[in-house]
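Note that the chains are named A, B, C and D in the order they appear, and that numbering of residues resets to 1 at the start of each chain.
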Amino acid sequence: MKKDTLLVQANLHKNWIKKYAEIRNHSVEICSPLEIEDYVVQPIVDVSPPKWHLGHTTWFFETFILQPNFPGYEVFDPQYNFVFNSYYETIGARVIRTDRGNLSRPSVSDVFKYREYVDQKMDEFLQNGYLTESLESLLELGLNHEQQHQELLATDIKYILGHNPLFPAYKKEAFSKKETSGNSEMIGVSEGIYEIGFKGEGFCFDNELGRHKVYLNDFKICSHLVTNKEYLEFIEAGGYEDFRHWHAEGWDWVKQNHAKSPLYWHYIDGKWMNYTLNGLQEIDLEEAVCHISFFEASAFASWKGKRLPTEAEWEVASAHFDWGKRWEWTNSAYLPYPGYKKEAGAVGEYNGKFMVNQMVLRGASIATPPGHSRNTYRNFFQTHLQWQFTGIRLAQ
Amino acid sequence: MKKDTLLVQANLHKNWIKKYAEIRNHSVEICSPLEIEDYVVQPIVDVSPPKWHLGHTTWFFETFILQPNFPGYEVFDPQYNFVFNSYYETIGARVIRTDRGNLSRPSVSDVFKYREYVDQKMDEFLQNGYLTESLESLLELGLNHEQQHQELLATDIKYILGHNPLFPAYKKEAFSKKETSGNSEMIGVSEGIYEIGFKGEGFCFDNELGRHKVYLNDFKICSHLVTNKEYLEFIEAGGYEDFRHWHAEGWDWVKQNHAKSPLYWHYIDGKWMNYTLNGLQEIDLEEAVCHISFFEASAFASWKGKRLPTEAEWEVASAHFDWGKRWEWTNSAYLPYPGYKKEAGAVGEYNGKFMVNQMVLRGASIATPPGHSRNTYRNFFQTHLQWQFTGIRLAQ
Amino acid sequence: MKKDTLLVQANLHKNWIKKYAEIRNHSVEICSPLEIEDYVVQPIVDVSPPKWHLGHTTWFFETFILQPNFPGYEVFDPQYNFVFNSYYETIGARVIRTDRGNLSRPSVSDVFKYREYVDQKMDEFLQNGYLTESLESLLELGLNHEQQHQELLATDIKYILGHNPLFPAYKKEAFSKKETSGNSEMIGVSEGIYEIGFKGEGFCFDNELGRHKVYLNDFKICSHLVTNKEYLEFIEAGGYEDFRHWHAEGWDWVKQNHAKSPLYWHYIDGKWMNYTLNGLQEIDLEEAVCHISFFEASAFASWKGKRLPTEAEWEVASAHFDWGKRWEWTNSAYLPYPGYKKEAGAVGEYNGKFMVNQMVLRGASIATPPGHSRNTYRNFFQTHLQWQFTGIRLAQ
Amino acid sequence: MKKDTLLVQANLHKNWIKKYAEIRNHSVEICSPLEIEDYVVQPIVDVSPPKWHLGHTTWFFETFILQPNFPGYEVFDPQYNFVFNSYYETIGARVIRTDRGNLSRPSVSDVFKYREYVDQKMDEFLQNGYLTESLESLLELGLNHEQQHQELLATDIKYILGHNPLFPAYKKEAFSKKETSGNSEMIGVSEGIYEIGFKGEGFCFDNELGRHKVYLNDFKICSHLVTNKEYLEFIEAGGYEDFRHWHAEGWDWVKQNHAKSPLYWHYIDGKWMNYTLNGLQEIDLEEAVCHISFFEASAFASWKGKRLPTEAEWEVASAHFDWGKRWEWTNSAYLPYPGYKKEAGAVGEYNGKFMVNQMVLRGASIATPPGHSRNTYRNFFQTHLQWQFTGIRLAQ
């Protein structure tokens, strides 16, 4: 999912100062096991250098809150807009995405100074009552934006370490504990009109609105995620060599990339090994399969004689199963809900412009920060991407 | 739309012999104004050489009907399977799509001999009662397949001639007569449960099934297509330079391709000219805009403060407006209807494997052969393609 | 070799009318076995459609002789300059090389009309005494240019037919008769000062001038070309799998292209077959190996413990062996001779601008037209190209 | 020039221990102004991360000297062979060149530990008399190899800092002092036989051997390098827009890369600025032009009505002018001297396999380490590369 949003629902007053500090601090903690060198590299275009994430989330608060609303605020470095703007066309020229890994400067230490400077100013800003009601939603958006990048920090760090020939471990409990799946049962849901989309108080992104009616046919959905064991059966049954289970575009992807397994799986000396944040380990058969593309999820489902759920089915059934370990691919394209309107200005670029040629994922993953998930959340990625903590729940 | 299908509904007995002859003959007529050289070239991967279309549709009858069902049938040339198989993985190796324009042989005259041979055999096959009930649906599929390629013949011939620096005219009435649009009114449809998908007798493709309920909110849809005049206003208002109206992927497409107008428009000596099948002509402002990508249709709608309809909205409202001049881009992704199942074997490759990263178009165009359109028809293309006779109907 | 030149040496009066007619007619004869479709396609960028060669050589006479020098001359079609200009930047915009195979028009019949029109005008021009002494050299250049394209017609026709899955034969004696090589002896040449470069009367290209001294060490050169038998030994000894014999760039070429043999060789049912202009045939072991890249020639020489000759060595020794069946790769880069000057204007673009990153070939091939070879001729191609009639003569 | 060589001439005994320490230490000094982040990135494929250079030169001593010749030697880390092997196919699998910038590990600190470990072992090795006479040449090769990478460290660091939008200065005297050129006179050399190639004692690379006779015509060569002032005149006269001065391949390069000036030049607010190792500065008109490709050098020479010298001309005349500030492009292709033989084994891959499609540069540059230049040295690069300290000396 492209990582930048729209706060739509007004929020009651909260202890913003404390919340700001906690969330900002969590980003720093995620990076604490890294060497300086790990902050810099960009092995593929989708993976950004950790120092870029740290700078970009800071730039969000500087650009959208402090600069226009804090009288007398001076930007930390005028050139950082060029370096840390992600894709907001409204905000001017920027380093193109593929070049992020070419930038040795600003140094990691300068990026941390930048964070400290902005955090100090934000603290002053909040302490001195500059947060009007209308800015609250923007602040909340900034914090949710930071949380989205926390998940990306986890996935990108895993990619950087997991694609190093030395396979270094991340050495930190978070995201690296084993999560086993269980025996699946089919949960039935009856035909009828249902409502989906966000409702109630609290934060949501603009793409979760407005709540609306959908008509669903009878369907069944699995209580548990597909395990490594089941996925290994698919591999061993020749799933990657049988075009019949794949979309035409997926089959091209398999052949061009010589795809043979989920990302991070390595067949070494007759055994399937898996790079985890604790280093290279034997596959855990009971664990939910992870790091698969939409193409793979869909092919697996076809091989099983089942299908992926739609996002509406998923949302309607979500109360009846445990979710949150894997982002679950649905067979719904990422499109606007009825009545969707994008906001004016730069924040309007957050979600709407990505609503083409991507598929929706529902749920959350072990890399999703605490407090950043709900059953109406619409994550989205392109169909060939594997580097998120993605998994499969079957339906029929 | 990828051009190959599944007959699902049984069909009552008809005069198959006559129908076969008429439809097969229509393909030949479409090609009658061509020079031999025009049959051979492939200027872009999506455009196939006309002789390939003529051979491929013939190969369909030979491979799926005559070879397995007509005792004693001898294939015209065993190597033609390699040359004229389009993408059916089940049927073995094939010339890759990008190479079709490299093949000077079989010659056009050999391709016509191939057609005559197969038509002669089909006639014998039908005259002698080999058409069992279960083969009827396959025959009907073959004829619908031929009709789909008739539309592609029209779009591909236009591309071949329209990208030649000499701008030769096609010199034939069909597809080249002017079709003007008119003043648009908004047609309102009320919230509620509706049914979409094919019903009744006669032929449909598997992707139009099964008929199912959808829940729609109140919406309005235009009675007429967007005209060249309106689209020109978008161009002159700087629509191609304003990223705010475009999907991020569409904006990349604009910049990479220096897109500035619909396909076939040329700005020459201060005037917008348009390559038509009658040659290069001044833009007709009253005509419905044609040859635009999904990205352009969507950007235009955004600029107008409106949106594209969903395919369900389009189908439900379709009785209230005139359609059939342009394939109309919807904002629905091409995905399976509830309960969709693909058939076993090669014909199962017809539709299902394309159900990712494409958008649905509804209606039909001036290039659609007579008798090959209905309001449940689901056409589909990738979002950057312009070479079909595509247009825009707005909704809100 | 890029096909366009500079006449430098004055020529005595000759029967230009007869010579013009003979040479022009030979191009038409080369094409006589073709189907119309064969004239149109361009399977790779280096191979031009035969009709393009026929038009381009005609355009040369129209553009450089008739238009500026024949009062009242009217161009056949003003748009043909755009279509048939090859690479002369001086002469304005042109169809880019990769697009030549996308042009179905002008038709083959129009191209022949163009030839007839220009030939008729040239005849009038010559009959009526417009050929001044200073134009003679340009006319001779035009005829040599036509002969260079005659060789390209042969190589390009072979590529077009030889890459068609039906492997059609060209069915014409020329270029297709078998030429066997023989047992090789080493011819010794003694150290000393030698002269190379064109001398005497008659035509030569500017790149053969001026004749100059070179200092050569003792060397030996083979009396015969490497045969298919010897080359097969290289293949069977694993020559394509052993990086030690290859340039680094050549080794990348082998891996990227999965190179395993000369062009047109196919290993079928346990036998090495060879596409020839008579169709697919078993390898003739006694024939000189043909259609190899510089990388392959150089790797073969290294495997044999020998090397390729320099162009100076080749020229000095050329009186002592038979040559003319294969263009022989030398280990000399294509660079200007001492004192080389390029002419002003468009004909100055003929040779000089290609003098970088190409290697010299010496001799001639079975596809070289009669009267178009001499031992000072400097042919040149890029190091990865195989489609010319190229071979290997070893030195040490 | 690809950076790895062959010691051919035997060397008298020297104080190897001191020399080893001095040269190895110089590499570390070059890197001393860097931030850790600067060691890691690889903005283009030709530029390697500084930590890679430091590791690779160390790997050379470990792999070719210690491992086979020092009893009981244990490799520092068995996986480093994979990481730090550059291109030696003989020595096994390696990280592909484009991926060097994706490796955050080994960390810079680990690479320095690796250097210390190997340096310690080399010291023991040398102190304890393991250096046989036959190993001396390999040791000297290793030190020359290290010096070649010292020059690359300078050029690569400049590229990394100079392509950062913050334009950080390197802040170190070396390589950053201004070197002005002067007024040029033409030095004449008479026709005759000359000898070129290495002779005498001391180290040389295998590609400088064997010394051999060449025949040269009369020529003249400039006493000084082309200045920025002269090059600016070329730019202002439209040199980059006039195809007549460029090789066809060079002209393609200009258009594809929108080349308008030497690397590191920026036209800002009406002034030509130049990124130097002291940061962004106004162009110094008296300085010798730097960072130009062969294509640019050759086009400039053509515009001036002159030419580049051959490498033989350069070497013969070199006693008559000052050289060493810029690597000077010659118009000689990088090819073997008569009688050139490559050594067996991995060191044989040092030079010979690059002898195709590259041009020779002669002299040395301000980035060449002290003691690493001689007038027979043959540097070589591909024709489009600008990032070395390259310049122009004209001849006629």
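FYI, a residue touches a chain if its C-beta (ideal position, glycine included) is under 8 Å from a C-beta of that chain, and two chains touch if they have at least 3 such contacts.
Molecules present, by chain and UniProt name: A, B, C, D = Ergothioneine biosynthesis protein EgtB.
Note that the structure is predicted; figures quoted are calculated from it, not measured.
For chain B, the chain with the farthest CA centroid is D. Listed options A-D, B-C or A-B contain a single repeat of the C-D interface, assigned here to A-B, on the basis that more than half of the contact pairs agree by residue number.
Chain A and chain D have Cα centroids separated by 45 Å.
If you average the Cα atoms of chain A and of chain B, the two centres end up 37 Å apart. Computed from the mean C-alpha positions, the centre of chain A lies at a distance of 58 Å from the centre of chain C. Contact of a single residue of chain D with at least two other chains is seen at no position. The touch graph of these protein chains is a ring, one cycle where each chain has exactly two neighbours. A complete list of chain pairs in contact reads A-B, A-D, B-C, C-D. Within the complex formed with chain C, the residues of chain B that make contact are 35-43, 51, 79, 82-83, 95, 99, 101-108, 160-161, 163-166, 168. Residues 2, 87, 89-90, 193, 212-215, 217, 243-244, 246-251, 294-295, 298, 307, 331-333, 335-336, 338-339, 348, 353-357, 359, 383 of chain D are the ones touching chain C in the complex.
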